[in-house]
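Shared chain: chain A. Partners: chain B in the first complex, chain C in the second.
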Partner chain A sequence: MSQQTDEPAAAQASSPVATGAPRPGPLAAVRRRLPRSTFGRHALVVLLALVAVVLVLELTSPFRNSQFATMSYYAIAAAGLTVLTGLNGQISLGHGALMAVGAYTTGLLLGDDGTGLPLLLVMVIAAAVTALVGAVVGAAAARLHGPYLAGATLALAVAVPGLAIYFDHTLGGEQGLPVASPDVPDWFADAVYFLSANETPTAKYLAYLGWGTLLVVLLLLANLMAGRIGRVWRAVRDDEVAAELAGIRLGRVRVLAFVVSAVCAGLAGSVLGVVVRLAAPSGFTIVLSLGLLTAVVVGGLGSLEGALLGSALLVFLPPAVTNLGIGAGLDGTQAAQLAPFVYGVVLVLVMLLAPSGAVGVVKKLWNRSRTNRRGPSTRRTG
Partner chain B sequence: MQQFLNVTLTGLGQGAVYAAFALALVLIWRSTRVVNFAQGAMAMFTTYLALTVIEGGQSYWVGLVVALVAGLVLGAVIERLVIRPVEGGPELNAVIVTLGLFVALQALAAILFGSTFRSFPAPFDLRGFTVGGVNIAFTPNSIYIIVAVVVVMLALVALFRFTDLGLKMRAAAFSQEVSRLLGVPVGRMLTLGWALAAGVGSLSGLLIAGGSLVFPAYMDAVIVYGFVAAVLGGLDSPAGAVVGGLTIGLLLSYVSGYLGSELVALAALAILVAVLLVRPQGLFARTAARRV
Partner chain C sequence: MSVSTSPTGPTASPDVSAVFAVSGVGVRFGGLVALDDVSLAVGPGQVHGVIGPNGAGKTTLFNVCCGFVRPDTGTVLRHGRPVRDLRPHRLSGMGIARTLQGVGLFRGLTVVENVMVGADRHRRAGFAATLFALARSDRDERALRERAMAALTELGADGYADRLPGSLPYPVQKRVALARALAGEPDLLLLDEPASGLGSDEMTELGELIRTLTDRMSVVLVEHHMDLVMAVCDRITVLDFGKVVADGTPDEVRDDPAVIDAYLGEEATHS
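Showing the complex of A and B:
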């Protein structure tokens, strides 16, 4: 990948174990108090994030809540994609299709009147079904690289919506499959009322559901990336031959990466289904897959923070750009196309100017400023 | 029997267009090792330009020329501005750049020309010939399509085989270092290669549009079919692209005629996976082994 040279150094920089000599100053004091284990540190971050999520969702309007719900499913899928593309070096333009698998599974299992299985079970099953599809696609994809993989997954993205139209009795054809909106559980509404004295409308509950799923996914992915599997993925990405010589089975590792990524896409599709209340072919076009790719590239390939940042852009940028367009005298449908136009231009510009994305640029600046402070003789500059 | 004949003839016409599109992909792949996923969007854009010219009162042929010239210019500009910096870099970067172009061009077309379906005129009659009292699905327009594709291919063969310029372009694609040492302006040859490929792509976009509807996403599926055709032919071989294009056109036409048009994209995916698993070097590869 593009950031092959700075990634190992950046990975070291983020783990205190490998920091080398302890630095004086307040940061070191904070750092000493952090949990020793990687999981502990990640769990702490997730807990803090959970508090932030509760605060934000309780303090913002219902409209913002639904925007955050949208952002949550983009971010789940983008997190999975960034692991696949950034860490393992496999590009996928078919994640929209994998999300469709998750959404349709959810719709079928929930039933259109909500009398089906409980929601959490349905989400787990949707993830499992998508994992299965991911394993099949991954097995084919493991033999491919670069443009071939891009072409094959592009074909997947174009082909899958056709299936929904072909099986229109079960899958609803062009109109799509209505997905029952889950009821807010009483204990959940009570807990929120206890915390903030606010009611919990469905939109807010769905935002909580999405962000809860997202945080769990991020926690698990962060651990996976920090551990042996993440290292193996990076090794395969950086040098296939060396990885194979080191005893890594390329095929198995690649399929695993695809399955993990597919599970995320399936969960994302499941959340999308209940948030949008519809699984329709028009919701899983190639534009969705390319939007996800934009999110991970702009945020910075291989970084979960980047995936979050990128999916925030996917949700909050279009309304702003559309408003600008209308202000500049475009009509509604034209202004709605400004957002994809900006995605495309940004995608090209990022690749030309800063291939490591926003997170990569920030890391580089951070490393540079630290190098300057600590003098040029340090050896950890990467 | 009659249906089989009709499906076959339709497939031949479509196959000719896919062949042209695959050829455009192959030309770019040979010279710069980039699969141009923006090819479809570029062709769509130039077709809209032609439509604007035609709706402004000019003839179809003026529109054709406008589209081809616009394609040449667009290809050259894109190669020079955004592809050159990522050439020779990590292969994923080039893929992402072309995908960015794809999204941007498609949205730009929707902004400039609107996203409604618009009908595109065909230069020749769209009613099928009558053979022995039976109307078959072979129209004067299909003949035009096939002739146009064949002419372009012969012109390209002539260019690459018999001219100095073609030799230089082949040299630049074959080995950049050596060609540079021998005085071939490699950069200019690559730009020219992209321009030619984009021109051929524009032609295929125009041929697909003729007599049917145009909207910003109308080339999306064609990118996939063209890519499958190019891979089937070996991605390195122009002749392979032509044979691959015709094969894919026929196969997909049979799927559409006998199984249902919703399954065409799925069939393309199945063919692609089968080719990549069974014979990844394609039908016409020169090199014995190739990493895909």
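Showing the complex of A and C:
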């Protein structure tokens, strides 16, 4: 398992740049190694990412824009899941269902003609409702381990779409609940035009909305992971008894992790709703939950970068493989079936060759090159 | 053999000053009597050893002290007052720290992070401060890290701060685990077989260290190594088949025929 939050701190610590004026004293060395401010560091990364997002979305086609919008909601949910599974050691096969809660809440509040509440408020409410569901599920989950937890969350994944069919008057049944597509705000279109001289069609606006949400989610999750909460989550994952003796309340910590993860899933569902313009049971099957889990594992459990990478694979790999298949002379149906196959092969290979995921491999290579540069003896001090 | 805990009468005065005591504790697992009317009292700044042959109930007694096992009879007393509803997660708030048999380190956390978890009861910043990475949270983290580094330095393990526990030799891991317990600044330290897996030099070092702790805290020690126990303890309680067979200073206990029967007779040939 990898804790990517350690990476920036470690990288910073190894650089000889002195931050601020170190006060003399026995702990000055420790103080000097600390980064100046967690928020500053994370905000800087997010700002750079925002620039990259604007560049990419302005330079790519509307089709790619919509693919990026899809990736954004996968990534939001995957980021939340990687925190739950990678950091706190709780597996969830029910995140698709939590996304459904977010999507249906959004659909109901937004109204199908767009006369409902403003979108941002709706997203906040959707997150809050999902948090509530997450707290209930988390309270049950906190008492379960391993396969039992997987089973319980699997039941959630199966049951929630069923609810939508049962309450078909309010939730639209099998056909689903139409979700109003939000209008592009004038100020937003103006701002984009000012920056890039491009118009802002709805698809692009939705991609911005998804990525904006994603970056906020990543910023907050990175804060949690770098700080006390992340440490306590990992401690509970690694040794319950020792954590309890340190004064940590296992149940509370687990429920908190589940709620944080559920909020992410709720936001992801909300974005999914407005992007797809529909909240339907068929969109939240167990396949979605499993897809998220595989994305998180392939990218590297417990790593936000890994969650991003995994979601990118989830969105961009199938069409690429299908195109390859057609290029290789398969007919349409066969080529379409090639994608899940390749995805499965990738998953198996990752499990066999790099159980720590893509990010784990990169980290290992980075550490190795750093050790070689400094000489192996320096790592044995103390 | 003198069981020194009777809550009434003039002899009770040392118990009131005891920082920690168990009184009349009995535990049954099904038909098996694990502990039967066990009492012990730990004075301030004392090192109190609990010894006994395998299966005598030492670890069960520790688990009662920590709230992992609920006694069927008897009470746990802190500063002379009974502790109701003792739970493991409340210990650190009560100023009690415990080390585990083996090491029980968090293997995915660096050494300093491990010790920071031990210092967690000194945290001040809450969830929101961490979520938004407020300056308050950074300050809090820095303070916890300083505490952790101080504890590591005291145990001579500060050079390993950024390593993962799995990459360290076993004796160093034990020191880190002890540092984690000390980082909470307890006034009572429960050590569960701290010398297991240590060489004789390391054991001597450990003994010296335990004695230096007594100006800050009381120590309860469950241990197999008689040399260590005899060298560091002010008082020793001997358990056999879940009962207290002796309680007194090392010299008293050493010469007690019941102890020799129960324990030293068979162990003395080894050491």
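One rule holds for everything that comes next: the second predicted complex is superposed on the first by the 335 of 382 C-alpha atoms of A that agree within 3 Å, B and C clash if a C-alpha of one lies under 4 Å from a C-alpha of the other, contacts with A are read in each partner's own complex, and residues count from 1 in each chain.
The rule we apply is simple: a residue touches a chain if its C-beta (ideal position, glycine included) is under 8 Å from a C-beta of that chain, and two chains touch if they have at least 3 such contacts.
Just so you know, these numbers come straight off a predicted model, no measurement behind them.
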item	value
First (chain B), second (chain C), both or neither touched by A:G227	second
Touching partner for A:R368 - first (chain B), second (chain C), both, neither	neither
Partner chain(s) touched by A:F39 [first = chain B, second = chain C, both, neither]	second
Chain B versus chain C as contact partner of A:V287, first or second or both or neither	first
Chain B versus chain C as contact partner of A:P147, first or second or both or neither	first
Touched partner set for A:L330, first chain B, second chain C, both or neither	first
Touching partner for A:P355 - first (chain B), second (chain C), both, neither	first
Doubly contacted residues of chain A, that is, touched by chain B and again by chain C	1
For the chain A and chain C complex, residues of the former touching the latter	1, 3, 6, 10, 13, 26-27, 30-31, 34, 37-39, 42, 220, 223-224, 226-229, 231-232, 234-235, 237-239, 241-250, 256, 381-382
Touching residues (chain side chain A, partner chain B) in the complex	1-2, 4, 85, 89, 91, 93, 140, 143-148, 150-152, 154-156, 158-160, 162-163, 165-166, 285-287, 290, 293-294, 297, 330, 333-334, 337-341, 343-348, 351-352, 355
Of all residues in chain C, those that touch chain A in their complex	66, 68, 88-93, 97-98, 100, 104-110, 113-114, 116-118, 120-121, 123, 125, 127, 130-135, 137-138, 140-142, 144-146, 149-150, 153, 158-160, 162, 180, 184
Complex contact set, residues of chain B against chain A	29, 34-35, 37, 82, 85-86, 89-97, 99-108, 110-111, 114-115, 217, 220-221, 223-224, 227-228, 231, 260, 262-266, 268-269, 272-273, 276-277, 280, 291-292
